[in-house]
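First, the structure itself, so that you have it in front of you.
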Amino acid sequence: MKREKRHEPDLALHIEDLTVAYEGKPVLWDIDVNIPPGVMAAVIGPNGAGKSTLIKTVLGLVKPTAGHICIHGYPPRQALKRVAYVPQRSSVDWDFPTTVVDVVMMGRYGHLGWFRWPGRRERRRAMDALSAVGMEAFAKRQINQLSGGQQQRVFLARAMVQDADVLFLDEPMAGVDATTEKAVVALLQELRDQGKTIIVVHHDLQTVRDYFDWLVILNVRVVAQGPIPEVYTGENLRKAYGGRIALLDPDSSGETPDAVPREVVN
Amino acid sequence: MVTQAVQRWIVALSFSAVLVMGASGARAADVVTTTGMIADVAANIAGECLSVEPLMGPGIDPHLYEARPSDIPLLRNADAILYNGFNLEGQLGKVLARMAESRPTVAVGPESMKDDDLIKGAGGYAVDPHLWMDASLWARIVPTVADVLVRVAPDCESGIRSRAANYRQQLLTLDEWVSASAASVPEQQRILVTAHDAFRYFGLGYGIEVVGIQGISTDSEAAIADIRSVVDRVVSRNVPAIFVESTISRRTVETVVDGARDRGHDLTIGGELYSDAMGARGTPEGTYIGMIRHNTRTIVESLGGSVESWPGSLPSFAGSGRSNAAE
Amino acid sequence: MLELLGNHTVQTVTLGAVLLGMVSGLLGSFAVLRQQSLLGDTLAHAALPGVCIGFLIAGTRHLGWIMAGALVTAVIAALFVQVVTRYSRIKMDAGLGAALSVSFAVGVVLLTYIQGHASASQGGLDSFLFGQAAATRPSDLWFMGGVTLAAMALVALMWKQLKLVTFDPLFAGSIGLRVGVLETLLTAMIALAVVVGLQMVGVVLMTAMVIAPPVAARQWVSRLEHMVFLAMLMGVISGVGGVLLSAGVAHLATGPVVVLVASALVTLSLLLAPGRGVLWSWLKLWREQRSIGQRQMLVTLHKLAEHHEDPYYPVERSMLDSFYGVATSHILRRLQARGFVVPASHMRQEGPHWALTDAGHNEARQELERMDWNQAEV
């Protein structure tokens, strides 16, 4: 494969003019996103805003109609070894006959290539990752015996063994107990402190400011993006969520509200 | 959007197309039979007077045949319908019953046979229907068929009666020829192994033991136990040849050959027999007499006998073979 | 019955059944885990038009053309389903069902057309509906063996990829696996397995061979590697069992008996498997309920002893009976067997008494702790 000149190599994620259509309707339109390395970014927006689709398109799982994507300057297909993906838990059949450590070892398949089989080294990496997430006691456990929070930790461990520079997570806190959520956030922040870029599709507006330092607000188009203090404003949120947002602080001057807005369940 | 008028045209055209397709596919005949064997007899008796058509052509299995929509006009336009009876046409019962309401529909088997002609209680069938395998029995249907033809075409009665007498004589001559030919097979080799149990009347009439792998009707699958028992008999009786049939897959027969060869017995496939249907139209085997001739020759010569010389009073089948079938 | 195996015909059919069991168990495992069991059914039914077309082209009952035709139409049906579900609103199960019915209907129409029109050599074509296992010939075995070997080699070679694509297709795509290609490959192999089984069990029953052994195997094991091996083993057992059973009895068709054995294996597995089996759950439930009664009894005895300030306080059994409203002697006897209570006596004219042992008191105290400290495991 020809080594192309890197395009926007200083950005962890560079998306330009991206459009993705489904059944003729645009799910994402004219998306420009630039995320610098070393941040923990949240992607938020109402249901149907295209958040999951954005992640899948970046990873090459969905074909875009227009636009281009670069990860650390490389097109996605060349950057496979530098990214890790944690899909939504519901996308997997958890009754599959396999053990916890087995799932984590799958994270090394990309590095093993087509013909090599996972061995002792891979197993050790997997066990280390499981320790980091507090699940090493569960290594031999069947995955259908895990709770939601435990499943999420296993997924996270799998992402960790991929040695990626950029991690993409799709709603990792959905349906997870408070302890696990705190543990996951702490781990992600630690990874960020090691220099990795974390990009998370997040569903809970209440915790965005506490967990993340970068924000992308999405509703088919990019409403706003940038560091949290600049972007997380009542005005931006109202633009994205329309009337479906209740602000506790009636102040609509555009300043960061004191109270935390609640997303009305639609 | 398609307008109302155009829609109506489309419907009308479709209907016409269906009618045309249905009509153009229809054959028409005065007398319709189920099997070709009956048709050949009827055609020989009817001569130029009436047209005869069989529902089932060469290679069609009468045990399994189901009436198709294109058969109904053929049956309905017929002046008379002839069928074998004794449940040979297993899937046609309802159709024949309906047709019988408005035209003579005659089961030539039950109408013509005497009770002690019949082989009963074999393999779950009340009566074995394969009557045509014994030419002397088949000769008995000639008067029955002639009676029906006379009912349909009374003007032709004298012609019909004389042709019937002539043809019946031919069948009796055929019967003698088969008898003599079969007698030439050495005593210990007089065993006929075929794919299904169609040849009992042949065996009974001409003194040969018959073994069918599959039972009387072809709708039962040959089981492993059936194959094994046939192989056992073939080996213990030292049978030289086994026969395939035109209406049945070769594979069950080939499996018996495999089994016998494995036990050191060299079993050959003696040839293809016409059991439930005649051969292709226009060939000698496409007539009843030709079919019996072919079967007899194949069986007798493979089992180590030799056929008698062909009687002069029977059709000679010289060269390409003249067919006596109608149309 | 095993002496049947000395017979050549039985040997041939058995070997065919073994190969069929292996390839169905192997590939069916992936179909079942991807929740595409209906796919096997669709492919099997879609093979029927191909069988007829193969016959129409070749004009004889030559197996090679017929198998090729079956494979082509099966694959076309699968591709049709993929296209339809991707580009329209139709979901997978509806798409599979539609492809199944339509192709089977086409097949039956072709079959009756051939039966009504063909030359004198089409007999036995309808044996592909239910198979004709007894007529398996050594040449068939070469074909079946080749396909089985190829399938095993392919699965062994691509084990990691197939496992990942089956478990988590999104993640698999994200590390660069060509998910679409692998899924198509898997479908094509299942189609091949179906074609292998056509001669033996026929179009209608083939789907059971693809589904039953993996479902049965799943109940017993917890790793994909074990599941695939066990599914192949169960396929082989179904095959051999079916052949021997049908060969021992006259006039039993082999194909359906093989399927019956496979179904029996599934039923037994669903009932008996440890951990997942129905009977197993019932047994666990029953044991739970029993132990609850025992635990309550211990606590009661313990509290009574506390109240009377005597650790060896003997409690009259009829007192317990009236407290619980039921006869308690069997509970007490079981507690005695576990060493938690001993018979005691107080006054001669009273009935049997029971007292807690030290072990019994410990157990009771632990139970009380458990009841207070109710924290779910995180």
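Here are a few things to note about the model shown:
Read from first to last, the chains carry the letters A, B and C; within each, the first residue is number 1.
Convention: a contact is a pair of C-beta atoms (placed from the backbone, for glycine too) under 8 Å apart; a residue touches a chain by one contact, two chains touch by 3 or more.
Predicted model only: the values in this text are computed from it and were never measured.
The leading chain pair by number of C-beta pairs in contact is B-C.
Distance from the centre of chain C peaks at B, each centre being the average of the chain's Cα atoms. Taking the mean of the C-alpha atoms as each chain's centre, chain B and chain C sit 48 Å apart. Chain A and chain C have Cα centroids lying 37 Å from one another.
Centre-to-centre separation of chain A and chain B, using mean CA positions: 76 Å.
Counting partner chains per residue, chain B shows two or more touched chains at no residue at all. The touching residues of chain B, counted against chain C in their complex, run 57-61, 64-66, 68, 215, 218, 220-229, 231, 245-252, 254-255, 258-259, 262-263, 277, 279-280. Per the touch definition, chain C reaches chain A in the complex via residues 33, 35, 157, 159-161, 163-164, 166-171, 173-176, 218, 221-224, 226-227, 378. The residues of chain C lying in touch with chain B in their complex are 7-10, 12-13, 61, 112, 115-127, 130, 132-138, 243, 246-255.
Residue ranges of chain A in contact with chain C, taken from their complex: 56, 59-61, 77, 80, 83-85, 87, 91-93, 96-99, 102-103, 106, 109-110, 112, 114-115, 117-118, 142, 147, 149, 158, 162, 168, 177, 179-180.
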